[in-house]
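In the two assemblies presented below, chain A is common to both, partnered first by chain B and then by chain C.
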Partner chain A sequence: MFWNIYWKRILWFVRNTETIIWTWIFPLMLATLFYAVFTNIDASGQFSRMPVGVVDNGAYRQDAAFRAALESVSGEGDGSLFDLRLLPSQGEADTLLEKGEIDGYILVEDVPVLIVSGSGLRQTITKSFIDRYLQTKGAVEAVILRGGDFESVSAFLEPADYTEEISLSQNPPTEKVGYFYALLAMVCLYGGFQGMTTVTGLQANLSPLGARRTMAPVGRFRMVAYDMLGGVTTQYMCLLVIVAYINFVLGVSFGPKLWLVLLTCLAGSLLGVAFGAMISVTSKLKAQAKIAVLITVTMVCCFLSGLMVSGINYTVVQNAPAVAWLNPAARIADAFYCLYYYDTYERFFLNIGIIMAMTTAMLAVTAVFVRRQRYESI
Partner chain B sequence: MKVFKTCNTIIKRRITAMALYFLIFLALTVIMPILTADQHTLDFFEMKPNFTVINRDGDTPLSEGLAAYLGARGNKVVLDDRLETLQDASFYRATDYIIILPQGFRDAFFSGGTVKIKTVATTDSAKGFYVDMLINQYLNQARFYGSPDGMGEEALAAAVIRDLSAETRVETKRFGAGAPISTGFLIYNRMLSYMVIILIILCVSNITSAFRRPDMRMRNLCSPLKPRSMSLQQILCGVLVSAAVWVSLTVLGFIMYGSELAAADRRTVGLILLNTLVITLLALSVASLVSSFIRSANSQNAAANFVSLGLCFLGGVFVPLDLFGEGLLMASRFTPVYWYSTALDNIFALTSFEWGVMAPIWQAMLTQLIFTAAFFCLALVIGKHINQSEKSFSSVQTELDA
Partner chain C sequence: MAEITGRGPNGAGASPVIKVRSLVKRYGELVALDHFELEVRRGEIFGLLGPNGSGKTTAINCMLSLLKYGKGEVSLFGEPMKSDNYAVKKRIGVVMQNVAVFNELTVVENIDYFCGLYVPEKAKRKALTDEAIAFTGLDDYRKFLPKKLSGGLLRRLNIACGIAHKPELIFLDEPTVAVDPQSRNHILEGIRELNRNGATVVYTSHYMEEVEQLCTRIMIMDKGKAVATGTKEELKAMIRTGEKLTAEIYDLPENVLGEIRGVDGIFQADYSDNRLTARYPADGRHMITILDILRRGNVAFGRVSSEPPTLNDVFLEITGKELKD
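Now for the complex of A and B:
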């Protein structure tokens, strides 16, 4: 009996194009799109040489110290800040600024003035450089006025580097992986289609198959369990294919422990199937309405787990921790994140524990509703 | 106008589902700009990176002075000194830069030792570079005073901050006729294209799929109404639905960003509206084409999601085109939404209304219209082919069959 129900459940999935589209093809398409557009997302905040102009007027030519300071941080070498362009007139500088070819330009009058057309980090860094020049110049002049020696002045001219960059994890932080983990959480919750199918196929008032099965000489609990196991198996297969595609084809890292990734997929599949079964069994809506509820709840959970806006899951944790801990999609995505970024496994197993607790609670609710159902008329 | 009236009846019957879709996508369109837009002001302002100071050296005037100096140029994010907390904040960009003052730093600094401040930032990030600059500037200035024995450490820290208060004068040049438009409105308009495409596909396919039911088609084909008239009335309904979507979203945009648009040049706002109108026409043509292939309610949902997400991801709606690689950028040129995003970016960067500056905008809008015409033609050809096919009379499912 087990193999009969179990195998037919798997066959149903293979023959059901719509479920394959939603749980298989749609995530694969989204993963490919994510890969295509998020590949360079980490480069968005990276530092690169800034095109900055300087008006080559008499005051600039006479200010040898400023000229030397600017030239020392311009050019092609390491530590270079600016792609410096000497401009013959302010009119020329304005033209380049208007076209967006330079981030700003420096006009030396009594002191250097920065002229920009907007605000941004590049303009802020340029301003900070000129600030630094003015501050250093002021300090050196103060030292000389006080009759300071060469050693005091050299402290400004040869600045020391007091910082040393360290990493908090063996894997680098990247915005890209968060989208993929939230996508996998979405696929897990799409396992709800499997749970919904199980319930629909067992309830006499929802489908002809359910009516026939209700009369079958098999215990209800065994029928639900076998059918649901078939649903979990197909869901798990979907997840394995998608994880393999994301990991091996798209090259997105899941950290060193691949077997723990598989464990997370299994826990996520169980949760998804239980989630769909619970939604299906507790409401008396039509099948289409139940699907709409399932998709809506899934999308809200996935939105809060970072599927559409990177880092929103962190914001939710900071501002509404209860919502974050009760969000199944956030727990699944967080489990993947822990495997990637943490060197320890406490929070990972805490996530898995919560996922399993949610699954148990959802299955218990489903059992309460499915148990001893009788139909006066269908 | 019997067909048109029937279309209205279909819309009324499915108004709940359409309203649900509208509200879900509306929420996304409203939330996304709020979460991702930058500060909007006409004057120059310094960008303030988020930074965190983890002080393992105890509170000293030197470290407090450093925190105060950075606090004036950035936003201080307070975090616990726990590895997990710091990892989360760093990974999710809650803080751009973590400064860990190691034990004994103060003593080593004043004695000329080599204990360095540990920093955590995204590799090669511009914000990290900026905060690095600020820290070194503060400490190099403090180094100038040497030992605090003479003046006291608090006075030293105060003197350093005073020394570092000299600032450059910054002038902001405005080249356009009006004030610049906020990035929030730019992101809203980007998201608008996604919403317009998915909503119009869902609405139009809902209407047309009812007419493509085999029994309905056979009945209509033997009615005295000409097929052309039936098609035109369906198109008219599609146009009105599209217009309703466009007007709703445009009005919502003005409600949300009206105050910021008040000072903007009217011509720029007009161009933005024109561009959104063009993408609405394009969405209608895409919907006509996609509707030809829709067989059931589920395939309608799948098609709407696949087409809208595919077009919008490749068209630079969710991620700016600047971040695309060369190959992807080349591929995205063959999608219509790319031209919508390009036109939008150019409109927001407008500094004058001369022909040379406006040409790329007109070109991008014209390309969208060419795509629109091509999709309409393709939809007509496919529609004609399907009408002549015997199979079409038994391949459409609606809720009545389910």
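Now for the complex of A and C:
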């Protein structure tokens, strides 16, 4: 009995065009689209060495201190600021500047001067470097003139850190993962199609199929449970495929705790199926209208969890925390987020607890409506 | 209107499989079943005949405990029918008016699924599924999805899903609606075979010819009430019409029509659309009398036919309206 209902349910799912489009093809396409759009976001935020020229004149060669300072922040190393080019003349420097091959050039006469053709972040950084150099140089000279000894000058030059940098996350921060996690939350909620079909196919007042199945000598809850289990299984399979695609094909990381990712997918599948079942039983709309309601509610939840606009989830948390906590999509996305960023599990398990509580509540509502086997009209 | 009940031999004495007492079902102000009574005996093919909206499907849904009803009692196999009486449900097969199958499952998967709700053993189920496929003539379509089947084949699949587990009592609710003649004959022959194999059948239809051909006992329903019950012969014997004459006449003078109406035993004679219709008891004399009157009145007539009353005539005489209405 169990395998008959359960297995046919899975067959139903893998052959149903609408469900395949919404729960498989659409999320895979959306993931690919996200990948295409967001793949350069992280790269654009990274700092690259600035091409800066310095006129290799006599004054520059004689200013050993400046030369040393400049060379210390140039080159191939990690801390390098400049891709430094020694230029034989100011004329050559002007030509490269006009062509845009360098962001600016430094001309050392009495003091180093920065010549640029425009303004921007790179030019500001170069100017700040020169200003900082001149300021330090002036301060050191003042200390020496006032009879400062070597130790006091050394102490002065020693960089003092008044803050300590601590990494809160085991993984590097990246904006794009939020979109993919919200996308997975959407797929979980699309499990609602499973729940909706389960309920519609079991209620005599909703479909002829429901009438025929109500006549079968099988306990109501048994039938619902087997059917829903089939729905959850297929939804879970769907999520695993999408997670594998996002992780292994698109290269989006979920952090190192794979089994917890799988647990989140399972909890999300349960929530999605229960979500659809509840919407189906509590509304008297026709089947197509119910699907429209399901999609609309899902998309609103996903929007508030950051699927369409990055950061909207933080705005909701700040301005309407209750909405954020009760938004199933936000909880699922946040669970994935916790696995990626946090070393501790408190928040993750809080999310899983809320997801399971929501699932239980939705199933309880569904059970109240579904237990009925006799109807006023069909 | 009081119910007229025949007392024929069919099923008489057999134990009732279905017993319905004083069933009342309302949809708001509308009374869908008005103190409906029914008794179906083991081995019968019992027909519920009535126009659309007469309460046939509502009666079945109440008997199956799908619908709540205000008053009355329903017992199947001697037990009160409740929605959680699974022992009784296991002995019943239902073929709904609307096709109720999974569009994503093949013919064989659909039958196996519904059979599996009654028969858990896989091997037994497979044999039953194969039997149901052979029975409904769907062998060539085993791997077809329902959307690839014609209307008639889809109806056959609907029936196969309802009877695969070999129920003792089968409810067939208008199983031949929108079915081609070939499939219809196949379905009707199949129902006879089910009955020969021991199943009691409750068959609803608004096609009187079907019910007349198939059913051993018939209940005529109107406005949620049983208006007559019996074998077709008993039903026909309940009315005055024993024979119905129809004659094609271009022009029938009023005096000739009056003379026909005046003949002793002819209780109805009408002329409309160039057609004379007369009803009278079946004694063989009246047809000759009518033709004689026409000849004497110099009335030219074309084709003349005489036929025994149909169930439509029974319905017409009892309710005052056509069954087709």
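The working rule: the second predicted complex is superposed on the first by the 251 of 378 C-alpha atoms of A that agree within 3 Å, B and C clash if a C-alpha of one lies under 4 Å from a C-alpha of the other, contacts with A are read in each partner's own complex, and residues count from 1 in each chain.
Assume contacts are C-beta pairs under 8 Å (C-beta built on N, C-alpha and C of every residue); 3 or more make two chains touch, one makes a residue touch a chain.
These numbers come from a predicted model, not from an experiment.
A.B. asks: For the three-chain arrangement built by superposition, which of chain B and chain C touches the greater number of chain A residues?
C.D. replies: Of chain B and chain C, B contacts more residues of chain A.
A.B. asks: For A:R347, select first, second, both or neither according to whether it touches chain B, chain C, the two together, or no partner.
C.D. replies: A:R347 contacts chain B only, not chain C.
A.B. asks: Pick one for A:G311: touches chain B only (first), chain C only (second), both, or neither.
C.D. replies: In the superposition, A:G311 contacts chain B only.
A.B. asks: First (chain B), second (chain C), both or neither: which does A:W12 touch?
C.D. replies: Once the two structures are laid over each other on A, A:W12 reaches chain C alone.
A.B. asks: I'd like to know which partner A:A204 touches here: chain B for first, chain C for second, both or neither.
C.D. replies: Touch status of A:A204: second partner only.
A.B. asks: According to the stated criteria, A:V218 is in contact with first (chain B), second (chain C), both, or neither; which is it?
C.D. replies: After superposing on A, A:V218 lies in contact with chain C but is clear of chain B.
A.B. asks: Would you tell me the residues on chain A in contact with chain B in one complex that are also in contact with chain C in the other?
C.D. replies: Dual-contact residues (chain A): none.
A.B. asks: Please give the residue numbers of chain A that touch chain C in the complex, ascending.
C.D. replies: Touching chain C from chain A are residues 1, 4-5, 8, 11-12, 15-16, 204, 207-209, 211-219, 373-378.
A.B. asks: Chain B touches which residues of chain A in the complex?
C.D. replies: 18, 21-22, 26, 29-30, 33-34, 36-48, 94, 97-98, 100, 111-125, 127-132, 134-135, 138-139, 143, 152, 155-156, 159-169, 172-173, 175, 178, 287-288, 291-292, 296, 299, 303, 308-314, 317-318, 337, 341-342, 347
A.B. asks: If you look only at chain C, which of its residues touch chain A in the complex?
C.D. replies: Listed in rising order, the residues of chain C that touch chain A are 27, 61, 64-68, 83-84, 86-87, 89-90, 92, 94, 96-102, 104-105, 109, 112-114, 116-118, 120, 125, 145, 161-162.
A.B. asks: Would you pull the chain B residues touching chain A in the complex into a rising list?
C.D. replies: These residues of chain B touch chain A: 17, 20, 24, 28, 31-32, 35-36, 39, 41, 44-47, 49, 73, 83-84, 86-94, 98, 100, 109, 116-130, 132-137, 139-141, 143-144, 163-164, 166-175, 180, 296-299, 302, 305-306, 309-310, 313-314, 318-320, 322-325, 328, 349, 351, 399, 402.
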